[in-house]
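The structures come next, written out as structure tokens.
The two complexes that follow have chain A in common; it is paired with chain B in the first and with chain C in the second.
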Partner chain A sequence: MITISVGLASCGISAGALDVYEEFKKQIKNKEGFLLKRVGCIGFCYQEPIVEVKKDDCATLILSKVKPEDVLSIIDSIINDKQHSKIFACRNDGKRIFDVKEINEHEFYSSQTKIVSEFCGIIDPEDINDYIKIGGYSAFKKALSMKPEEIISEVKNSGLRGRGGAGFLTGLKWEFLSKSKDKIKYLICNFDEGDPGAFMNRVLVESNPHLLIEGILISSYALKVKKAFIYTRIEYPLAVKRLKIALKQAKKKGLLGKNILGTNFSVDIELRLGAGAFVCGEETALIRSIEGLPGRPRPRPPYPAEKGLWKKPTNINNVETLATIPIIINKGSNWYKSIGSKNSSGTKIFSLSGDAERTGYIEIPFGTKLSTIIRIAGIEEYDFKALQLGGPSGGFLSKDNFDLELDYDSVKNVDAIIGSGSMVLLNKEKDIVKQVYYGMKFIVSESCGQCVPCREGTMRMLEILEKIVNQQADFNDLTNLNILARTIKQTSLCGLGQTAPNLVLSSIKKFFSDYEEKIKDEQKRFYYYINEEKCTGCHICFEVCPKKAISGKPREIHNINQDLCIRCGMCYNSCPIKSIEKKNIK
Partner chain B sequence: MTKKAKKIIVNGKEYLTTEKYLLKALEKLGFDVPHLCFHQDLEPLATCRLCVVEVNGKIVTSCNTIVSEGMKVNTETEEVIEYRRHNLELILSNHALDCDYCYRNLHCDLQKIAERITDKTRYYGKVRKHEIDESSNAIIKDFEKCILCGRCIQVCNKQSVNVFDYVQRGFGTIVSTALDIPISSSPCVGCGQCVIHCPTAALIEKDETQKVIDAINDPEKIVIAQIAPAVRVSIGEELGLKPGKILTKKIVSALKEIGFDKVFDTSLGADFTIMEEASELVERIKNNKILPMFTSCCPSWVNFVEEFYPDLIPNLSTTKSPHEILGALIKTYYAKKTGISAEKIFVVSIMPCTAKKLEVLRPELRVNNLLTIDAVLTTREMGKMLREFGIEIKKLKEQEFDDFMSASSAGQIFGTTGGVMEAALRTASFILTGINDENKIEYKEVRGIKGIKIASYALGDKKLRVGVVNELGNARKIIERIKSGKLKIDFLEVMSCPGGCIGGGGQPLTTNKNIIKQRMKGLYTIDKKSKIRHSHENPILKNIYLEFLESPLSEKAEEILHTKYFKQKQYKI
Partner chain C sequence: MQGANKQADEEITNETIKIIRKYKRFKTPLLMILEDLQEKFSFIPQESMFLISSQLNIPLTRVYSVVTFYNELKTKKRGKHLIRLCLGTACYVKKNYDNLDLIRSLLNIEPGETTSDGLITLETVNCFGACSLAPVMEVDGVLVSKINNEIIRKVVEELRNKG
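Here is the complex of A and B:
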């Protein structure tokens, strides 16, 4: 028996996997002993289309960049146990026929710990039986035998933190909701993945939708919720399609609806589609979108746990958070806690993109060093400039952070966020200011437009950045940019605005030279100096200098330290006797 | 319900407060925190981000922060001041800075705050552009003045008319109607609450002062002003006096000084409204006709019924509103009596209302094919004219309304919620029992600013159940209750604005519930001091019935004092 699995997640399909699949179908139609299988993505997005071949008790062979015209030769080589040029790895699940690298030895795989994405790319996402075969829904059955409180304390003990970005303790969030006495409560799965460069939730659902459904079932049982929603975007058609199929199959198996598996527990899961606004990932905007209102955040408090969907207590969790629940229930919270770092337990799926040799999604435990990630991505250390973490509202990690062990807290300390988990790698050719400019452009077009700092402020930041990129800005603009960024961060209404200036702030801190380079040329071509014959030592310039670049005691002649001076012109304008003069540098 | 006071520490000192929201608490304690989007009668919107303060070391907007015990608040840290200033500068960077000749110069919330907390804006760049919407005869929307605070959206939703919302997003966000259609095509009923709540000049009434001045300067024209009851207790605010100050007699001489030929009292029209409406009610009760009867003095309310509840049009009293009645009488009875050609008479209504500007254009209100009212000025426009003409209210002598048209005080309490009902009850009681019960002249149950008031009275052998509603949102609630059969009443008074006409869309800025209460007090003071407190006792009214109209509901009265209503589309597109 030969099983051929073709990776048919969006990444595979866009690389042409559907044609490969059809070609296989055509070619094996009249042959016996073949089984063609549709699977999700195993993570090597840069190698798509990927085909896995399992023959009897031999090791599974993984072929990459397969084209329809390769199909015949592949079939031929499998039947005849011949080497094929497209084979690039194998799995350690049988005898090895040729000398191919084992997948776990592969640089992309070796540092990963696959827990949540373990079966992605292995099972058929459109077949519930395939999921059940690998132990699917066993955690849910186990959960049904537990008390809801036990589940909550188990989740709390696991130290699982929300994977949506803020990193709030899931168990604690659940406890808030469980304390509410309201009979009607809602659970919402936030599948509104919107960061440019983030695709881990999409891949997860496209590859293993039942894991999410199982997670929602357990959570609903623990929180005594009778109605759950999955909120996603219409821009994820494949994920939506597979979720719909999965929900239908689960219903058919009696895993959804009334009196599930003969117990008193009933829950219904409804899929809701948004139009793809970034701001709808913010929980209050998301709630309004489900209610049928325009997706605009409202001020908190009241928090959703008190007044959420239709003013009822509501719990909102990210896809990855919910997909982790079945694993915690199955393997125990202590086991889960043993993975990861002290205050951030478990693993996190990141999506790698940008200037890297290897792109795709990776699942790594918290506490993994930045240098490891760079190795996974296959970018040389000398070529590496920055890692943009957390999308357009995240921050940059630079060469200085090579030894940083990534988790929620450590990343925060260096002015970045884990965020949803998008990682964009930038090589040394890249201009950080331009990257920030593009990020800000995204924010400006995605701001909901309700509150002043986000609506007006982000536009003004974009305008200043544009000026800097076009080398028309001076140091005043840079000062304004900095103050503006702080104001927006501190006074915006929702998370979108509060995180909007992160890239600016983090880049100014870490890549100031990129900004400095672009400041108007003319400002670099002159300097200010104090005419000693005129200076009366009135000390006014000393007072106004923002950089403390002027030295001198009252009644004595003052001096400008040219290394500190940023040529802002404050002293030049303030000197009452015009003793400060401009001189051009030749 | 008594609330327990909470202890908060503001700038190092301890205070007690019972307020729910921090901003309100701080204001009451005497701390002046700048704010733009917050309005004391509305729920916090938290969009302008100017009211930021530091609470327990965190920067928060005080308008929507709920007071908690032991909260440590800092209102003036360096950081907080800086953030406020920058947010304000951001607003200013996208605002038409034409303050000198702006309609709301010196009456603008934004201007006041800008004057206080900044002296520049260091931001400039793109500005939003949008055409001025002048389609409606009542309300003009100038988007370039809009700061997107969202007050108009909330207040229009409160009125349950829902004309405005945010449209588009990000920097391109505007406040507009559905599909950005002109206001005249939207369900707007013209109540003008958006204008009253707008902090800038983004929403204003259609200015008709020039039209009036032109008429005054036209030697051919006899210009007659009539003043609504609610104006006499609020016009003082336009001139720097306290709300509720009664200026009935001074206004007459002020208007004469401007050049109006005659000044009449709209309350006389109100007396006629009462005669007709009370008679209509009694007639409906006696003949088992459609009940409950709705009052029809409020043009926004009439629009509201025509648009949202056309099936209830038969419930509306067919009596015209007071100023329309007076206008009609001026152009018929008065013209005939004085021998002035009706074409030469130019009637100006000075109203607390923007919807009256819409009402006067209704073709069915014309008499002998003439407009009964030629121009409507709001209290604000009146104030603007008084200031333009340099009239100092203190120096003015008191003067009575022009001889033949004065009114009872029943017609004057028309300006407040419950006033029409009370006046009608006084007269209906007389019609049914034939006596004026001096002990039962004040109907306390229908007074006050409460949104919905229900009461029942025995008038003779008849028991009358009445409802009094202010604000259209409450009107919708009560209509739904009536329609579902949960509430049975005979007579319903509706005024679209909070507190009735005294809180009308044409009233001075700022208007809020406290100010409205003071204006209300002013009107009831007039009533208390008055000698004639029944509409039917007004000698001038009696005379006009005798000479001209015969009796209430007579053929002549039906022709001149009554009107018709028509079903209207909500969206006229």
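Here is the complex of A and C:
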């Protein structure tokens, strides 16, 4: 028996995997002993389209960058056990026919710990039976035999922190909701992955949607919720399609709906789509969006655990958080706690993109060093300039942070955030100020416009950044930018505004030279001089000059000492007869 | 001409009512209805907004405010073909702004506009979540990855030939 699995997540499809899939279908139609399988993404996005071939008891072969025209030769080489140029790794699940590197030895894989994404790219995301075969829904069945309080204390003990960005303890959040006496409660899965540069939730759902559904089922049982929502993005059509299929299949198997598996427990999961608003990732904005209102956040408290969707107690968790729950239930909280760092247990999926040789998603335990990530991404240390962590509201990590062990707290200490888990790598040719300027453009366009600090403040920050990028700014502008950023951080209503200045603050601290360069440049490009024919010797310039760079007695012609002058322009602006002139160098 | 308009109006009315009915058992379904309309007509017709307002008993201003708040809901009809260029962080790093300039000059329109013959609409999107294959764009719903000048020229030409 030969099983051929084609990676058909969005990344694979955009690289042409559908054509490859169709070609395999055509070629094996009349052949016996072949099984063609649709799978998700194993993480090596830069190698897409990826095809895995498993023949009898041989090790699974992984082929990369497969084109439709390779299909015939691939089939031939499988049948005759011949080497093929597209084979780039194998799995450790059988006897090896030829000398190929094992995937776990590959630099991209070796430092990863695949827990949540273990079966991504291995099982068929559109077939519930494939998920059940690998032990799917066993955690849910186990959970049904536990008391809800036991599950909550298990999650609490695991130390799992919310993967959406803030890193709040999930168990604690659950406890808040479970204390509520209200009969109607809601659970919302936040799948509004709007953060540019982040795609780990999309990959997870496209590759293993049942894991998320199982997580929601267990959480609903633990929280005594009868109605759960998945709020996702309209920009993720494939994830939506696969979720719909998965929900339908789960319902058919009696895992969803009334009296699940013959118990008293009933829950319904409903899919709701956002329509392209970044701010809806904020929990109160998300609630309003489901309520059919513009997604504008509201002040907290009251927190959603008290008054959430339709004024009922509501618990909101991120996709990855919920997808981790079945694993904790199955393997126990103590096991989970043993992975990761002291205050951030477990693993986190990050999406790698930007100036890296190897892009894709990776799952690494908390406490992994930045230098390890750089190695995984395949960017040379000398070429590396910065890692933008957490998207436009995140921060930068620089070469100075190579030894930093990444977790929620350590990253916060160096003015960045783990955020949703997007990692964009920048090489040494990239200009940080431009990167910040671009990020601010995004924030300005996504600010909901409700509170003044965010609506007006981000716009003003953008203006100053534009000035700096265009080399028209002076140090006063930089000072203003810094003050403005701090004010917005303190006074904005919601998470979007409070994190909007993060890039600015982190870049000023870590890449000040990028700013300085532009300001100095501006000051070097011209100089001021006094036109001797016009000067009346009024002495005003002498008085305003902060650097005492101007010499001359009253009623005598004055002169500027170019070595002392910092080109602040004060004399230029104060001369009553405009005798001070500006001249460009070159 | 007027007959054709009337027919189009009727279709809009019928579709809108059909979609409203589809979501009858849902609580606060406004956004769902609008998303379906957007998919059907590639914009939200004014008549639909009136209908939704009266059928769901929601003030028209609120319907309109929701339509204009969300980026994916449009008030203007799109062209026959749609090019959506990603300007997410990774695509920015991979110089998708240069690609945007090229498309702008090829089509002679700005993002959000449609060519004068009503054939191609150009839009920008904040992120498709295909960052590992940046720079990307979406052409009539199909994601095209690692785009360059050559691919863009080819895509535009193909769309023009298709008509």
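Structural remarks
One rule holds for everything that comes next: the second predicted complex is superposed on the first by the 520 of 586 C-alpha atoms of A that agree within 3 Å, B and C clash if a C-alpha of one lies under 4 Å from a C-alpha of the other, contacts with A are read in each partner's own complex, and residues count from 1 in each chain.
Convention: a contact is a pair of C-beta atoms (placed from the backbone, for glycine too) under 8 Å apart; a residue touches a chain by one contact, two chains touch by 3 or more.
In this text the structure is predicted, and so the values were computed from the model without any measurement.
After overlaying the two complexes on the shared chain, residue contacts for A:267 are found with neither chain B nor chain C. Shared-chain residue A:78: touches no atom of chain B or chain C.
Chain A has more of its residues touched by C than by the other of chain B and chain C. Touch criterion met: A:493 reaches chain B, while chain C stays clear of it. In the superposition on chain A, A:277 makes contact with both chain B and chain C.
In the superposition on chain A, A:294 contacts both chain B and chain C.
By the touch criterion defined above, A:463 lies against chain B but remains apart from chain C after alignment on the C-alpha atoms of chain A.
Once the two complexes are laid over each other on the shared chain, residue contacts for A:442 go to chain C alone; chain B is not touched.
Shared interface residues of chain A, touching chain B in one complex and chain C in the other, are 277, 294, 296, 445-446, 448. Listed in rising order, the residues of chain A touching chain C in the complex are 10-11, 13-15, 45-46, 48, 193-199, 202, 233-237, 270, 272-278, 289-296, 310, 351-355, 359-361, 388, 391-392, 422, 424-426, 430, 435, 438-439, 442, 445-446, 448. Within the complex, the chain C residues that touch chain A are 26-32, 34-35, 38, 58, 62, 65-66, 69-73, 87-94, 125-134, 136, 141-146. Within the complex formed with chain B, the chain A residues making contact are 277, 279, 294, 296, 299, 301, 444-453, 455-460, 463, 480, 483-484, 486-487, 490-493. Those residues of chain B lying in contact with chain A across their complex are 44-50, 52, 59, 61, 64, 66, 79, 82-83, 86-87, 90-91, 93-94, 122-123, 125-126, 147-148, 150, 165-166, 168-173.
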